[in-house]
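Look at the two complexes coming up: chain A is in both, with chain B in one and chain C in the other.
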Partner chain A sequence: MPKAYIDGREIELRPGERLNGIQAAARAGIEIPHYCWHPGLSVVGSCRMCLVEVGTRDAESGRIIMLPKLMPACNTPIKDGTVLVTNSEKVARARAMVEEDLLLRHPIDCSICDKAGECRLQDYHFQYGQGERRAEIRPFTSRKRDLGDVTLFIDRCVMCGRCVRFTREVSGSSELLVIRRGAQEEIDVLSDLPLHNPLSGNVVDLCPVGALADKDFLYKQRVWYLRRSPGVCTLCATGCSIWVEQNQDRVYRIKPRENPAVNQWWICNAGRYGYPLVHDPRRLRGVTRRGGGSAVPLDGNVFSREIPQQLRAAGKLALVLSPFLTVEEAYLACLWIRGLDAAAEITVGPIPREGDDQRFPGGFVISAEKCPNRLGVEEIAAHFRPNGRSYAEWLEAAGRGEFGGIWVAGGYVRPWIDEAAAARMRHARLLVVQDLFPSPVSDGADYVLAAAAFAETEGSYVNARHRLQTARRAVRPPLDNRPAGPLFWELLGRSGLYDPRRVLSEVAAEITYFSAASGEIPDVGIDLRVDRLAEVAPRPGTV
Partner chain B sequence: MDNYQPVLLAGVGVEDGHTRAVYEARGGYSTLRRVLRESQPAEVAEAVRASGLRGRGGAGFPTGLKWSFLPADHPGPVYMCVNADESEPGTFCNRVLMEHDPHQVLEGTILSCYATRASTAYIYLRYEYPLSLRRLQQAVDECYEAGYLGKNILGSDFCLDVYIHRGAAAYICGEETGLIESLEGKRAWPRIKPPFPAVEGLFRKPTVVNNVETLACVRHIVERGPEWFRSMGTPPDPNQPHDPGSFGPKLYCVSGHVQRPGCYEGPLGVPCRAVIDDWAGGVRKGRKIKAVVPGGLSTGLLTPDELDVPMDFNGPVQAGCLGLGTAGVIVMDDTCSLIDFLYNSCRFFAHESCGQCTPCREGTAWSLRIMERIKAGGGRLKDLDLLLEIADGMGIIPGTTICGLADGAAWPIKNAVRKFRPEFEEYIRRTNPRGYLATQPVPALHGPVMPRLEQPRLEHTSSQGGAGDGRTQAAVAGGPVPWRKTIPLG
Partner chain C sequence: MKNDDPNIRWVEEPEMTFLEKTYLPLFLDGLTTTARHLVGRKITVQFPEERHHFPEPLRYRGVHRLNRDEQGRVKCVACFLCATACPAHCIDIEAAPSPWPDREKYPVRFNIDELRCIFCGMCEEACPVNAIELTTLYDLSGHSREEMIFDKEKLLSVYDQTKDAEPPLWMLEKAARSGSTAGDSGAHNGGAGDFGGGPSAAAS
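Up next, the complex of A and B:
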């Protein structure tokens, strides 16, 4: 096994593995500070913060020969016998010099800077900088420039060039550029070509300092008040891994969570700025009973007491599952409805689509399918109702009055149903709708329940590439809401609190498609196709 | 040395020497004909390797070794870049070659391309050389007419196209990877190495970048053989195991306070004093030498006592300079202020720093700020130590930055302050009698490093109150200077 040595610690390299000095040191638990290097971008080696001493160790004699000059760790490939020294006096002096250089013309306005608290310049200066300021360069300027989707605080920039490389290599839109030369260099755009592309928000994450500011987040919250929980973006079938950052049950921003199997380091602007729907005042609230033209707020416990009898009395039942439900919610809903009526019809609601998949040079894909869990919900529906009818056929049947009771388990983030379709559903004697926003079908329903938005619910989604990922709950839903998971858990008479983890194990044991999800789900999710390689025959479609 | 026959400059001064007819009459292109008829590319490359030719662009890297890094089995294309972006202050030998004898350069280029199997050569020409552009373009056109360029040159299966690319007046484009980036149409930010251009260069193909003078030497090596080339110059230093020696003819550019500034040719290893006194006629008006830049501004300074160093790739290093550089000798007599020299040097490098690497971008600008303040009469003795520390941070050892510009910016500071410290101290004491020992920060004297077009020019007024010793300082009226108005978008 090839070995490398970092500050005397030995690390093993797996065969064929290509690491640079920063990655190898991280494996040894040693941080090499860096600004310009990013695993998702090309290596330029210009910030010079990662300078380390590099040498080679002769395997036989054990002699170590060091290079006389400092080398950037980001551009040093680690091979068998590579030796890195990151804690020497020479390295410390080089780092202190770079830190001092970067602060020469920096306005040091941390107190009003959005990045304070998660700023590399701050962190590294505390760790590697020196206390004394020797430069007498004044006055500072603190200028701001509108680049389009983001704001640039020009004088905070350390010229790492990550944002410029991102727009060239990942988004492919090349809006950002460097103007002028030397110490006068600045990031800019052409006046008629502002930074505006579906991935532009990522440059804010990439910026190691406070130069690029998110217009949406600017001055809203100090980052040290935020708590983050791992989530999954539910706005398209790519299912990016995200961090949901909240303070006191209010979501303030969404950040990408690194996931090499899905979104790498990026998310799109739709996902990043889509969180306000969680706090949308137009959202449905609580449980409402309608009848005789009036809507009466209903206690959730009363609802769950009276609804089983009402549905049993209604006759033939039907369940509409939206592709926004988690696997666990859909499973519990099916389980419950089949318990009431073994012949209940189960169908998957309309799949929102917009245009075609958007592909970017860096490999990022924004899916045309604007829902997180079509595959998962379809598999659940197919398990309980093999060869079920498609939504269109089902709607026809509903229009003929075939069903006595219809339960719509919604959760759509955008308008999804028109008046004609809603009228067909109203043929049922009892119509129960759980959804995020009022719609024609909720207007005519007998019971209306508020659904949970993505940050309010814990559960699993299967993305367009059959990868199951689990999202944690980030914020609590409003107190009177009865989200689908806990509701069905209660209706099924299960004891204790809703436990999606246990439900998923049940699903994995029950349904072949989900069998890979039986164990612990890693942060990056799990590919459900792993266990199904032998299965050749195409499954009958369920939509 | 009196009997030295110029080789590279042989065609200079010949009437219409820049035309093909005259060049051919002087024996031009006969070597190319012979090589294409009789020799294999490897033989040409071997001759260059055996000659010990080292790059004339400043770093002195052995040319044959550089060529040998090209991957042997690459399907191609291989590119040749001719570095004619001669921008080092005090250097103009390439200009002489290109203006007076462009065919010599072209023949060397064609031979080098043949040796390296390059199919396209780009001549990256400095913007400020319009006559060179005309002469070179005329020479290239004549070569196409005569079949020295194009498809199947002189009936062989060797094909070569030559394009002249005119730069946009940036010093950094003379750095080989900066040149490549610029040729690709990008910002001339030098690339981090490895990969070296020989492996992945222009358009991500194997690329050789050679200086104009290097290629001119190739023509003579191929014509006269490596033994002739090794017959002049300095043999390897036995104390330095890796020293390949300094062989061959070299063009020396002498400028500054001398009687006859100009471009002179001689073997490598001529003592600096001989260059100044014998060729350039000594210091003007019989004055004394104060300091000499041995090889272009980046290489640092020699004191009058150090003038006996041989001008080869090792000599100036032994006197504490960066290297031979381009052998652009700048002579300063005793009327010249070294404060002004260092201020100008700092200004040049702050202006030309590409701004990619932190130590260079900030270090050059910072040292310029300090020099501005010292020059304006606000210096303190401790500034000299700070200058040295900044210079050491930029170029403590090669490798603090991606390219060598930071080293080049650091060396004049190191040499000037270390070798001429009494002059700096005397100046600071004289111009800042009240504050030269101060350790507290002084109020800012200056606005931005370099005024921009949009910005009001700094007014030079006599200092207000206090130090009424007649010195001037730049006063910034009304607080911070607006740098750039932000234009709202959309």
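Up next, the complex of A and C:
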């Protein structure tokens, strides 16, 4: 096994593995500071922050020969016998010099800079910079430039060029460029070609300092007030891993969560700026009983006491599952409706689609399917109702008055149903609708319940590539809301608090498709096809 | 430590003499103290009629004020450091890009819950531009809780009321700078940094 040596620590390289100095050091638990290098972008070695001493160790004699000059770790491929020294006096001096140079032209307006608290320049200055300055530096206000989707604070920039490489290599739109040279270098766009692409928000995350600012988040919160929870984006079937960042139950921003199997380091602007729907004032609230043109707010406990009898009395039941539900919610809903009426019809509501899949040069895909969990919900519906009718056929049947009671478990983030379809559903004697926003079908329902938005729900989603990921609850839903998960948990008469993990292990034990999800779900999710491949593929050595 | 610990030294109260048993010496001693205060210098103030005088108003920690700059605009740059430092969580700020070309960020809303405040002065200490200061106003009262949540306008009006009697630190520092030689300008470099300088200030 090839070996490399970082500060005297030995690391083993797997065969065929290509690491650079920064990655190898990270494996040994040593951080090499860097600005311009990013695992998702090409290597330029321009910031000089990762300079280290590099040498080789002769395997037979054990003699180490070091190069006389410092080398950038980001551009040093690690091979058998590579020696890196990152903790010497020489390296520390080089880092302090880079920091001093960057701060010469930096406005040090940290107290009004949105990046303060998560800024590389700040962190590295405290860790590797020198205690006192030799130049007289006074704080000043940075010049600003509107680049299109984001704002550039010109003087805060450290010219790492990450944003420029991102637009060239990942989004493929190449809007950003560097103008002038040397100390006058600046990031800019051509006047008729502003930064405007579906992935443009990522340049703000990439910026190691406060130069690129999110227009949406600008001056909303200081970052140290925010608390983050791991989530899953629910706005398309790609299901990007995200961080939901909130303060006092209000979501302020969405950041990508690294997941090599789904979104790598990126998310699209639709997901990044889609969070305001959580706090949309038009959202349905609480539980209401409607009829005769009036809507009466109802206590949630009264509702869960009276609804089972009402549904039993209504006759044949039907359940519409939206592809926005989590696996656990859909499962509990089916379990409950089948408990009331063993012949209940279960169908999956309309799947919102927009155009075609958008693919980017960096491999990022924005799915045309604008819902997070079609595969998961369809599998659950098929388990409880094999060979069930499609939504269109089911709607026909509803129009003929086949069903006495219809429960719509919605959660759609955009308008999804027209007046004609809603009129067909109203043929039922009892119509219960749980949804995020008012729609023609909620207007004509007997009971309307508010659903929980994505940041308020805990549960699992199956993305378009059969990967099951778990989202944590980031904010609490409004007090009078009865989210689907806890509601069905209560209606099923289960004791204690709603526990999505227990439900998911039940689902894994019950339905073959989900069998891989029986244990702990890792942060990057789990591929549900793993077990199936094992069934079909011949075991090694048996052929 | 137990009662029979050898390190404990037990002492008995000394027996009182006859004179002491009459309590007359102690009585006279007490009366002397009273008499001394009757004729001595007064240090109490007849509060509502008279008011306390503060020789060093910057040190006292009374009601807050939000200072104005030379152009009469709020001096605060909405950095949230006071709200971060506040142990009572009584400061609530909403920031926005400023409408002025020489400033980047300013507070559109700045509320201090004076009832929740513990007057520790941490906000004043944290402020990088000396925009929030505690005045010597100490008789704070109101008719309702809502009235005691001071908003930006109210805090600025406290400044207008008190600026002549107790000039803000930035004004004193400016006076000191213009009075002294240019040599000590470096001493103000760290604390009194002003984000209203513009790029030209950096070059100077």
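By our rule, the second predicted complex is superposed on the first by the 527 of 543 C-alpha atoms of A that agree within 3 Å, B and C clash if a C-alpha of one lies under 4 Å from a C-alpha of the other, contacts with A are read in each partner's own complex, and residues count from 1 in each chain.
In the analysis below, a contact is a pair of C-beta atoms (placed from the backbone, for glycine too) under 8 Å apart; a residue touches a chain by one contact, two chains touch by 3 or more.
Here the structure is a predicted model, which is why all the values come from computation and not from measurement.
> State whether A:Ala28 touches chain B only (first), chain C only (second), both chains, or neither.
The answer is neither, since A:Ala28 touches no partner chain.
> Please indicate which partner A:Trp224 is in contact with in the superposed arrangement: first for chain B, second for chain C, both, or neither.
second
> Chain A residues in contact: does chain B have more, or chain C?
B
> For A:Ala183, is the partner it touches chain B (first), chain C (second), both, or none of the two (neither)?
first
> For A:Arg143, is the partner it touches chain B (first), chain C (second), both, or none of the two (neither)?
both
> Taking the superposition as given, does A:Met97 touch the first partner, chain B, the second, chain C, both, or neither?
Touch partner of A:Met97: chain B, not chain C.
> If we overlay the two complexes on their shared chain A, which of chain B and chain C does A:Ile112 touch? Say first, second, both or neither.
A:Ile112: touches chain C, not chain B.
> Contact-wise, after the overlay, does A:Met159 reach chain B, chain C, both or neither (first, second, both, neither)?
Touch status of A:Met159: first partner only.
> Counting contacts the way the document defines them, which residues of chain A are shared by the two interfaces, the one with chain B and the one with chain C?
Looking at chain A, the two contact sets intersect at 136-141, 143-144.
> In their complex, what parts of chain C are in touch with chain A?
Touch residues, chain C against chain A: 77-81, 84, 95-97, 102-105, 128, 186, 189, 193-199, 201-202, 204.
> Going by the contact rule at the top, pick out the chain A residues touching chain B in the complex.
Those residues of chain A that touch chain B are 43-49, 51, 68-72, 75, 93-94, 97-98, 101-102, 104-105, 134-141, 143-148, 158-159, 161, 177-178, 180-186, 189, 191, 194.
> In the complex formed with chain A, which residues of chain B make contact?
170, 187, 189, 192, 194, 350-359, 361-366, 369, 373, 386, 393, 397-402, 441-444, 448-450, 452, 476, 479-481, 483-484, 486-490
> Which of the residues in chain A end up touching chain C in this complex?
Counting only chain A, the residues touching chain C are 107-109, 111-112, 136-144, 155, 218-220, 222, 224-225.
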